[in-house]
Each structure stands twice: as structure tokens, then as C-alpha cells.
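Take a look at the structure set out below.
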Amino acid sequence: MKKVGIAMIGYGGIGRVHAMAYRDIPFHYGLPADSFQVVGVATSRPETARAAAQEIGCEVWTADYRELLARPDVHAIDCCAPNYRHEEIVLAAAAAGKHIYCEKPLAMSVAEGQRMVEAVEKAGVKTQMTFNFRFFPAISRARQLIEAGFVGRVFSFRGRYHRASYIDPNKPLSWRLRKEVSGGGALFDLGAHVLDLIYFLLGDFSSVQATLETLIKERPLAAGSGEKGTVDVDDLALLHVRLADGTLGLVEASRMGTGATNDLQIEIFGDRGAIRFSLADPSFLEVYDVREPDQPFGGLRGFRKIEAAQRYAGQKSPDWTMAPGFVRCHAECQYQFLKAVADDTPAVPSMADGLKIQAVMEAAACSSDEGRWVDVAEVYHE
Amino acid sequence: MKKVGIAMIGYGGIGRVHAMAYRDIPFHYGLPADSFQVVGVATSRPETARAAAQEIGCEVWTADYRELLARPDVHAIDCCAPNYRHEEIVLAAAAAGKHIYCEKPLAMSVAEGQRMVEAVEKAGVKTQMTFNFRFFPAISRARQLIEAGFVGRVFSFRGRYHRASYIDPNKPLSWRLRKEVSGGGALFDLGAHVLDLIYFLLGDFSSVQATLETLIKERPLAAGSGEKGTVDVDDLALLHVRLADGTLGLVEASRMGTGATNDLQIEIFGDRGAIRFSLADPSFLEVYDVREPDQPFGGLRGFRKIEAAQRYAGQKSPDWTMAPGFVRCHAECQYQFLKAVADDTPAVPSMADGLKIQAVMEAAACSSDEGRWVDVAEVYHE
Amino acid sequence: MKKVGIAMIGYGGIGRVHAMAYRDIPFHYGLPADSFQVVGVATSRPETARAAAQEIGCEVWTADYRELLARPDVHAIDCCAPNYRHEEIVLAAAAAGKHIYCEKPLAMSVAEGQRMVEAVEKAGVKTQMTFNFRFFPAISRARQLIEAGFVGRVFSFRGRYHRASYIDPNKPLSWRLRKEVSGGGALFDLGAHVLDLIYFLLGDFSSVQATLETLIKERPLAAGSGEKGTVDVDDLALLHVRLADGTLGLVEASRMGTGATNDLQIEIFGDRGAIRFSLADPSFLEVYDVREPDQPFGGLRGFRKIEAAQRYAGQKSPDWTMAPGFVRCHAECQYQFLKAVADDTPAVPSMADGLKIQAVMEAAACSSDEGRWVDVAEVYHE
Amino acid sequence: MKKVGIAMIGYGGIGRVHAMAYRDIPFHYGLPADSFQVVGVATSRPETARAAAQEIGCEVWTADYRELLARPDVHAIDCCAPNYRHEEIVLAAAAAGKHIYCEKPLAMSVAEGQRMVEAVEKAGVKTQMTFNFRFFPAISRARQLIEAGFVGRVFSFRGRYHRASYIDPNKPLSWRLRKEVSGGGALFDLGAHVLDLIYFLLGDFSSVQATLETLIKERPLAAGSGEKGTVDVDDLALLHVRLADGTLGLVEASRMGTGATNDLQIEIFGDRGAIRFSLADPSFLEVYDVREPDQPFGGLRGFRKIEAAQRYAGQKSPDWTMAPGFVRCHAECQYQFLKAVADDTPAVPSMADGLKIQAVMEAAACSSDEGRWVDVAEVYHE
């Protein structure tokens, strides 16, 4: 693998996760320690940038990310900045000829996303979205099974991501609750992951009928503050989704799933088999085989819980085999990007893929406003 | 309890369940053996009626249910006839002054249902729907908790009933797949139960946005037959449901839930607590208490699986405590009806309640056809 | 089936379960209503006998069970009397030429049991123990799988039955806690079931090393009483068990399993497969197939939850398919006995089988006293 | 924290896990990158040592660990060498005044272990065992609950660790199966972890009655080889364990747990509460509270699944909150050691603690040989 220099842009909670994952990659994949390097980090203020650099163990830090784009030893950026800054950063990175690893959601809107995708395609740089959940071995295994015909004709599917992160009405109006910064609510934050998993496993979207709901409409501007502001994003999003091949399914995203920590579930029902995944048990996949023969034991049809890790190259590290963590799937996602950059092969899922998810979310918002099915094509023309 | 004489009208699979449940009631509730009696049974043909009588252990059998309505020792009918015969039977029973225990769904349509409800109200007879699932102790407990404020403000809810009963495309076109006989598909057959549970636990409905889908559009007319007929009912129904108080939730019914046997689940999310029920574990309720104090043990917040049986009068029988069965919840449902008849108290859920479920289902079908939210009031005026 | 007349002797909690199960048998197995009959019931006092008869729906009741043995229309007795009365009743029934259905444990001791088995064998009557759990379809299925070679060479096994029935030190000294009445504690009451399941699935016993423990050594003589009596039976029994074929495993019985309702679990580990059963989910068996091929889907090895009901003749009734209950497995057990009597075929498990369980329990008590492995042959010579 | 220099001695599978964990510690605990450092690594051969150094990112490597002991910038060793080398390495490290972090089991025998503990105590160096499982937040939480009186009087406990790692008879005779190298089998390898958890949660041991079994007695010397060697360690160990306070419980270790990956479970039953832990769900603890009040909701007694992470200082990192991995609990264990060294506070669990586990295992082997209860004091005098 050719050495890749990375500049991290943004370093909040998710930035730290990316940084930790970069550290582990050489171990997980048996790479030489110098196969890639986090060269520098940019945040909005010098003091946070400096602290980030110290934590990451890199020497360069700045409050102006353009300095990092100017460096020849930076080949790629990792964009962990808030959603509303993605467009500007991506356009600048593309102009500088840097490859781009970008947190989800891609953009604030389809219009923004389209400008971004055009820019990176014109610049010829590689891009990859942080759709980290699809890199759990169980999800890779699910896709392999589907491609091999295990499920057969898909009757329908369900995906959901519930968290309980906003059930407290006294929780202040964070950036995630302000549309001008986040672009959207539960659907953008949690639903994007579910939509990507459905897209990865079952293919492209055709139309959507959605109901988006803000359950707590006002929140304190700050912790303990008596002053309140309006929540203008959804806490709960319910979607009927129709795929390009006509398959109908359900997608849910909720920040008000009382009792849930990270309740992400996928279910796929087909005429030959069924598949279930739960983030609560991410090393396993549950599968049901309709074609299970009756002999020699008189039939053993039933959901079985198959171990999904340690079956593919690159999965032999300890944390895949015993309770793979959140950081571990980020490491896999980042490794695939680094490998694509080093080997000059396509990176997947690209920003173009991210734009498709953006389009479904925008169609969903439109559907919720207008109370009707909305074709993805109404909001996004490829 | 005053002695109640019952006439069973219809005796298919569900009729046998009712008959078995009647047998067990004296045991479960400590009643004298002669507190009620199945007097007779009517089916469509003399030979099936005779066999039914023998199995039930009653002396009267007939292929003309009107004979049973004419008997003074029959005080109530138990209507297990196919859906398309409900109206006729109920109108005749009401005219004869008999109380009516009626299998779900109430009717083929809201129009039919309205005529039926008018007739029974005019006749002043008691009616009760076989919404048996609400009689599981866990569901009674859920309602008690909700009434006591355990859940607090309801954020949202989900209900689903998945079976895999029709995933085989060679399964013939049974009566359940023909609209003229059944009135509807997965929604009528499975969804009615889920809707009743939501109604029982959370209250009345306001509007619905639904997608109904027929996944296998043609089936053999008979087993092994080359000749095919059209399936004109839904295999899968996805509903966004809005309650009268504005609460939004999801309801699903599917006959194509590959791998599922009887996957009925209810989830309710509130600002003070959450509740989950699964038919796979019907003796228990899972509850999450947001107000759980942090002392003395530093906080023990988490879903807990509470045993729901043996907490109410009438639950001390063996089959509530160790894996209560399907027949057991029918016994409870029937006992409540018998008790209402004997004591002259209101029977619940009545046909008027059944009509509300009918109305949501009709609104859902309309919504699916027109691709929009439909108010229940559009199809049903109380 | 030839008509069989049954006399119930003893009618406490378990007697009611048997009575309820008799009522359901014609339904479950499609028998004519007159194929068998509970003719009469005997309890220790006339007033309880009369109430029992009313509940059962039989005409004969008595406080002297010998009256029932004298009746020619009684072909079999169902012995639900306390353990310490089993010997006397069984000897009298055998002398009267009656077939015997007997609750577990067989006897107070191996010596008693041997006298009972000799008597019934000499009398040529059929006997069957109420080892009801082995009649759950999932256990029948487990045995079928084992016989078909699914598990292969058995490496080891585990069985446990935990209840929390005696964790309260203020619970009074009931008959179950007095050795002179019950014969033993957790091991006799709960362990007997586990031992029978192991015996049924894996075969005969060879030796045992056990620790029996009384955790609460004194209890009030009656509820609220300040006077205390000594508990002289075990609350907890831990056994290492060696089978005749050398296989080693664990058996546990506990009345002090805090939080447990009926936590009965069986696990069998073999070189070709593994099997797990839990009473919490009695319709299913979990199986793991070591020989699962890697093709066509790259290997789907994992525990699978197979539905065990509705695979055998006689299982088509509703309560097998949806959460089979405690009463249901008693019905199957009783039906097998009635069938053996009617058809003059061997009844299984017989009292001779019950004696084997008795012998392991007596060897366990001896092992616990002496702190060493005890051969079953030391306490019981066949 | 004072800077700590570490020398790794031994670098097989578990050495890599330790190395990966060291990398993550600064992130997890917010430490400066230079707060500690892996200075060098020793393995048995120069080429493996060199590769290890490259993977770790340290500059010093050697095939003679004494070179590392001679370095002043090495303050502590991390002993990941095979069990049979522990004594020699520990004695040398103690003589060199180095602190010692040591993989389990401590030694090949109690005699060895006693010599080691004497040496380190005389040298005044800090020692810590790699009993990593006790550092899962759920286990820390369990201990906190027990100390706070949640469980009350302990009735009994169970612990088990099942793997299926040796069910294939063609798996060759690895070092783990040769007593002269490993010192013991399933009990040493898996049982040691369970015993440490019981010790950590419930206290010291008094006596043991055990059965150790070798299920596959001969194995190929190498993969595919026709030549076979004798397995002289246990595949399966069943223990009745009595604690110093008289509490009785069960401990199991098995390498022949067909279908199990890492099935480690702990259950504790008390008069006030019960606690369950499963490694399959290591972020959660299941607890049952007997004292749960009946008001205000009529009683909500039941096992509840409490989230155990993110409740203590130092747990705010991503991999505790979403499926903490195997590496993560090693990081916590190592961090506690580094902290003790830097702050000059006692390290726990020390080698003296490790010796207690060793003593129970030796008593268990003796008990299995002699078929009787063996006091720990018979094999180990403190």
C-alpha cells in the first residue's frame, strides 16, 4: 500500500472515533506502521486544534483547514465538520485535488450534494462516505447471501434505528436540533444509516411516503436556561419506501425511542429465506432458510444465528471475534478508503452513493409536507 | 352466575378453539359445572354439525342456525361463521333477542358493520368481539400501567403481526384470499388484532396513511391445480396511524413474514416509560421506567421483564402461570362475555368497538388506493 | 380406543391440572367424548372430595379411595396423593388389578419404590409416571434427533430446574419442606424432572457426586407464627452425573433461584451437534449442526431455533402451535397412558423407570452425606 | 501520570491484543501520548521479535528478554510468554526491580506461584494479573451492587465458560493440550477467568469438589499427521465450589461446548436480589430486585437489563458505549496497572490474587483425582 497522508477536518466526538480507528488499522490489517499517517488536524479554534493534535499524535494543527489542503503530504481529507460546512470543505478539497472521506449525511440538501458530487467528479478525486454500519461483517455477510440468492425474491423489508437521546424535554437545543446547522433531525442523523443499509443490501430507491414529526417543539437554549427555542427538525420519521424494483418496505428513525440505546435493526423477508440483523448483537446474523431439506433429520427449519466475523480476509483481529465495537467498523470503513486511495481503485460508498441517500431523505421530507408518495426523481435527477 | 345457554354458529378451526375454551372455563374460574352450557351447534352441512356436536359434547346440531335462534334455552350465540355471513347471522340473532359473541373482523365493510351495530343496539342485546389477544394478562397489565401513568405522554407506538402463512406461491386460493368471502387480507385477518390492541391500550383513531400490497397475485384454485385465480386481498399492509389525541405510530400486518410463526409485537414509547409485548413470550411484559431513582444502588434503569400473570383475580389457574396458551386467552375473553350476560353488565369489546376497527381498516384501504392520509371520519360517522 | 374408567386419588393443585387435561384430551386427539371417563375422585375428607367431583364433573366421590378400587367401572387410578401415601395406594391398586398413573416422585425411598414395582409387575398392571415435561413436542423432537444421530458422540450435558419458590424465610414449613411427608426437597420435587429428561434423552445412570444444601434451616410452623420448625430437606442440589456409557454432566435443582419462575433448561453437547431446550420457550428447540455444509452459501453454521410442534400425529391442536401450556403436556402424558391401557401396549415411562430416577436421587443424598462419588448400584439392585 | 516504560515479553496472539490495547489507552482515558511507552519487545527468535517491534511501533527488539530487564527506561514488563516460562521471567524481572503485568494463569503450580509471589513481595515491585474480564463495566457494576447490599445474603452462584475450540478430534496437539507447557487444560485456560470473577465478586475460596475430564484422549501431533500424541490436560472441568463464608456454587469450564463461541456466564442468587452477566452481551447486567416495591404501579418485579457502561469515570469512550470489545477490557486492565505504577498505589488483582486462583485449580485437580472435597488449605498455606 502506498503511503497516504490524511488531514482531519473537524474533531468532535466522531472525529475522535475516526482517530482511534486510524491507530488500530495497522494492527487489524497487518499493515506497516508507516503505510498511512494522520498528518494534521483542523478545527474551528487553535486551542481545540492543538489538543486534538496532541491526542491524535500528529504535529500539524490549525484553525484554518485550507492550510492542510495546501500541504503536498496531505493526500486525503477526513471531513468530520458539522453538516452545514460539508459543501464548502468538499469543494475546496476537490479543488486542491485531495481525496475525500466524508461523514454522513453528505449535505444539507440535494442541491448542495449535487454541486459537491459534480465538483469531486470533475476533480477526479476519490470519495467515500462514512456509512460505517455497512462494514460490520454481519452486514457484508448479509449482502453476500443476498447476492448468492439466499433470500430469493424479496417480499418486503424493515429497517429501524431508535435512540432515546432526546426524550428529556429539558435537554437543550443542540446543533443537532437546529436545521440550519444539521440539515435535518432523526432522519438525517439515524435514518441515513438505515437507508444506506437498505441501499447496500437491496438496491436503489424509487419513491417514498413519509411522516416526519417533531415531538418536543421547544427546548431550552442552554442547559438550565429558561429561554426556549424552536426545534425545527424531526424527532421521529416513519417511511414507506418503494425500491426501484418495486419492493415495498418500512424505514423508521427515532430519537424518542424510550429505553433504546442503539436499537438498529434490519429485516428482509424473501420467498427463499429471511435475514435479520440487530446492532445489539453485531457479530451475528439471523437467517431462515425456506429451502432447508427435510432429510436426514426430519427438518430443522428455523432462524439460526450465524457468526458473521472471521470469515473474510482482514477479519482475523481480536475485536471482530469478540464483540466487535463501534470503532472497529469505522476502522474497516476507513481502511477500505485508504486502500482505494493507495491502490487507485474505486472507493465505495462514494459521495454519489451518499447523494442517493440524501435524495430519499429530501423526498421523505417533501412527502411528509404534502401527505403523498413522492418519487425520488422529483427531487433528484441523475 | 346465572346459567347461560350458548349456540355455536360455525365450527371451523376457530370454532374448535372456542369449544375447548368453554370446557376449561369452570376450572379456570372456579365456576359450577352448570353455570353455562353449549346447547347446540350449527354448521353449513348436517354431517359436519353432527360431528361438531359430538366433539363439543352437546346434543343439538343443525344445518340451519335459525333453529338454534328459536330455542328458549339459547341465550347467546357464538358466531364463528365466515366473515361474509356475519351480517345475516347477527341481524337474525338480534331479532331473536340473543346476545352475540362474534369473531373478528366484525363485518365485510363499515356499511355492513353499521347495520349490525344499529340492529344489536336496537334489540338491546349484549355483544362482544373475539379480540382475544387483549385478554392476555400481559396486555391487561399494560393497560393498567398506562392508565396509572406509567408511560406518561405517549411519543409513539408500533404494532405488528407477521405470519409466514402465504409465502408459498403454490398454496391455493383459500377463502382467506378471496375478498367476497373474507372481506380483506392480512389487514383484516392479522391487522385487526393489532389495531384492537392499540385501541385498547391507547384509545381511538383519527386518521391513517396506508400501503396495502398483494405480493403473489395469482394462485392455484386448488392444491396441485394448474388453473389459477386472482388474489384480490392484501398480503402485506403498512400503516401510519394517527390517534385521536394526535399520537403517531406504525401498524403492520403481513402474511409474508418469512420465518415468522406468530410474530405479534406491540411497543409503546412515552416520556415516563416504555412498554413492549411479544406474543412469543406472552406471560411477560417488558417495561422501562424513566423515573427509576438513582438511589440506593446508583441507578438500575433498563428494560425489565415483568411477569404479568397471577396478579389478578381469575388468573390462578395453571395455564396462566406456565406458558399461557392461545386457548387460554380465548377462555378469558369468553368468560368475560358470559359474565356480562349473566350479571347483566356491559360486555367489552362490543360490536361498536369492532366497528371502530372496521373503520380504520376501511380508511386504510382507501388511503392505499388514493395515496393519501384518510380520516376515519371519511368512512365512518358515529 | 376401548373405554377407560379412571379414579383420581388425591386432588390438590396437581390433581386439578390432571382433571383439566382429561377434559381437553378428546379435543386434542380427536377422540369420541366417551372414549374414557373420570369415574370418581377420592380425597382425604368428604367435603373436599365432593367439591372435587363437582369441579371434575364426575358423580362418585369418597374419602376412602378403596371404594373406588372396588368399582368394576374403574380400570385405572391416577395417584395425585402426597408422596408418603404413594406406596400404600399403589399396592392396594395393584392388588385390585387397576392400572396406575402416578405422580412423581415414585416413592419416599428406593426400598419403597422396589416394593411398589414388584407389586405392579406381579399384578401385571400397566403403570406410568407423570414425567410430563418429556411430553413437550420439543423434547420428543430432541430424542428423535439424538436417536437419528444428530448429536453424535455426547461430550457432556447439563440440566437444571430453578425456581424461586422458597427464597422468603418467612414462608412457612409446608409439607414440601418436611421429609416425612415429601421424602425430599428440591431434588425430589424439581430435580426428578431434570433427571427424567436426561434419562429419556441420553439413557441410564451409573454414578453421582452430589452436594445437597438446606439454605434456610428453620421456618415458621405457620404463616405469621413465631414458632419455628426445622427444614430437613434440601433447597439446592448440585450433581455431577455419570451415565452408564460414561458420559459426564451436570444436574441442578434449586428452590432458591432468585428471579426464576420455572427455569428448566437442558443442554447436550456432542461431536456432531448440540441441542438446547428451555421451558421458557417450550415450543422450540435450539440446535447446532456441526456437519452443516459450507455450500452453497459459504456456511450457515449457528444455533437455530426450530419449531418442534405440529410435526407429529396428535399435535394439530391449537395449544401446541401457539405457546403450549403446562396443562397441554400433561394431556399428552395422560393420553399416552390411556392409549396404552386401551390398546394393551406398554406404558412409558413406567414405575420401573420412576424407580431409576428414585435411585439416582438416593445415591445423590448418600454422596452428599459422604462427600464421594456413589454408584447407583450401591442403592439399587435391579 | 508519571511516564512508564514497558517491555513486552512474549508476543503471540494475546501479546498483540495487549499491544493494541496500549495504543488505545491515551484515547480512552484522555492521557498525554507520552504518559507511557512500549519500549521494546522480546520473543523467542530474533525475526519474530523484529516483526513484533514493527507492529507495535517500538524500536527495541530482542530474542533475549534479559536485555530488556537491563534497560533503565523499562519500568515494567508485560509477560505474555507461555505459562511454563512465567516463573523464570517473573523471578528475573523481580530481581531487576521491574513491575510485572502477567498473563493468567499465574504459574504451572502452586509451588511455582508461591516462589513467584515471595520474590515479587521481597523485591517490592507491583504486580497485576491479566484477569481482563473483571474490567468489563458490567462486572465492576456487579461488584458495586454486591458491596452496596443489592444481592443480600448470597444463596448460591454459578459461573461457566464454554468454548467449542477442541471439538474436532483432528485438531492437533497444540501447546494448550500439553501439560508440561500449559500446566493445565480447560480449567487453567477458561476456568481461571470464571474463578477470578467469582473471587472478585464474592470473595475467597474454601474448598472444592471437582471432576476433570479429557474427552478426546489422543490427537494428531500436527495437522494432517497420522502420528498421535496423548492429551494430558482436561477438556471439561465441573466444580462444586465452597467459599470461605460457606456459600456453595458451581463453576464449569469446557473446550467442548459445541456451538459456543465465548459463552461466559455468571449468575448470583441472593435473598434480596439476583445478578446475571453474559459475555454475549457484555455492556449489560441483568438484575432482579426482590425488594422492588408494589407501589405506585402494582409491582414491576422482574429481571431488568441495565446498561453498565458510561457510569464511571473513564468510561466515556465510544467502545464502551457501543458493544465494548475484548481489546477494550484489556485496555482498562492495563490502564489500571499503569496508573498504579505511575501513582505508586497498589495494583489489583495482584500475583497474590493470582495465586489464590492457582490454589483452587490445584485443589480441583486433586479433588478430581481422589473423588472427594479438597480444602484449598491442603494445597496452599498463605
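By letter and in written order, the chains are A, B, C and D; residue numbering begins at 1 in each of them.
FYI, a contact is a pair of C-beta atoms (placed from the backbone, for glycine too) under 8 Å apart; a residue touches a chain by one contact, two chains touch by 3 or more.
Here the structure is a predicted model, which means the values were calculated and not measured.
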{"item": "Most distant chain from chain D by Cα centroid", "value": "B"}
{"item": "Centre distance in Å when chain A and chain D are each reduced to the mean of their C-alpha atoms", "value": "36"}
{"item": "Centre distance in Å when chain C and chain D are each reduced to the mean of their C-alpha atoms", "value": "41"}
{"item": "Inter-centroid spacing, chain C versus chain A (mean Cα positions, whole Å)", "value": "54"}
{"item": "Where chain A touches two or more other chains at once, by residue number", "value": "302-303, 307"}
{"item": "Graph class of chain-chain contacts, one of line, ring, star, complete, other", "value": "complete"}
{"item": "Parts of chain C lying in touch with chain A, wherever the complex brings them together", "value": "144-145, 148, 150, 284, 287, 289, 296-307, 311"}
{"item": "In the complex, chain D residues that touch chain C", "value": "155-156, 158, 167, 169, 209, 211, 213, 215, 235-236, 238, 240, 248, 250, 252, 254, 256-259, 269-271, 273-274, 288, 290, 302-303, 371-373"}
{"item": "Chain C residues touching chain B - in the complex, by the definition given at the top", "value": "13, 16-17, 19-20, 23-24, 26-27, 30, 32-33, 54-55, 57, 261-262, 279-282, 307, 317-319, 321-328"}
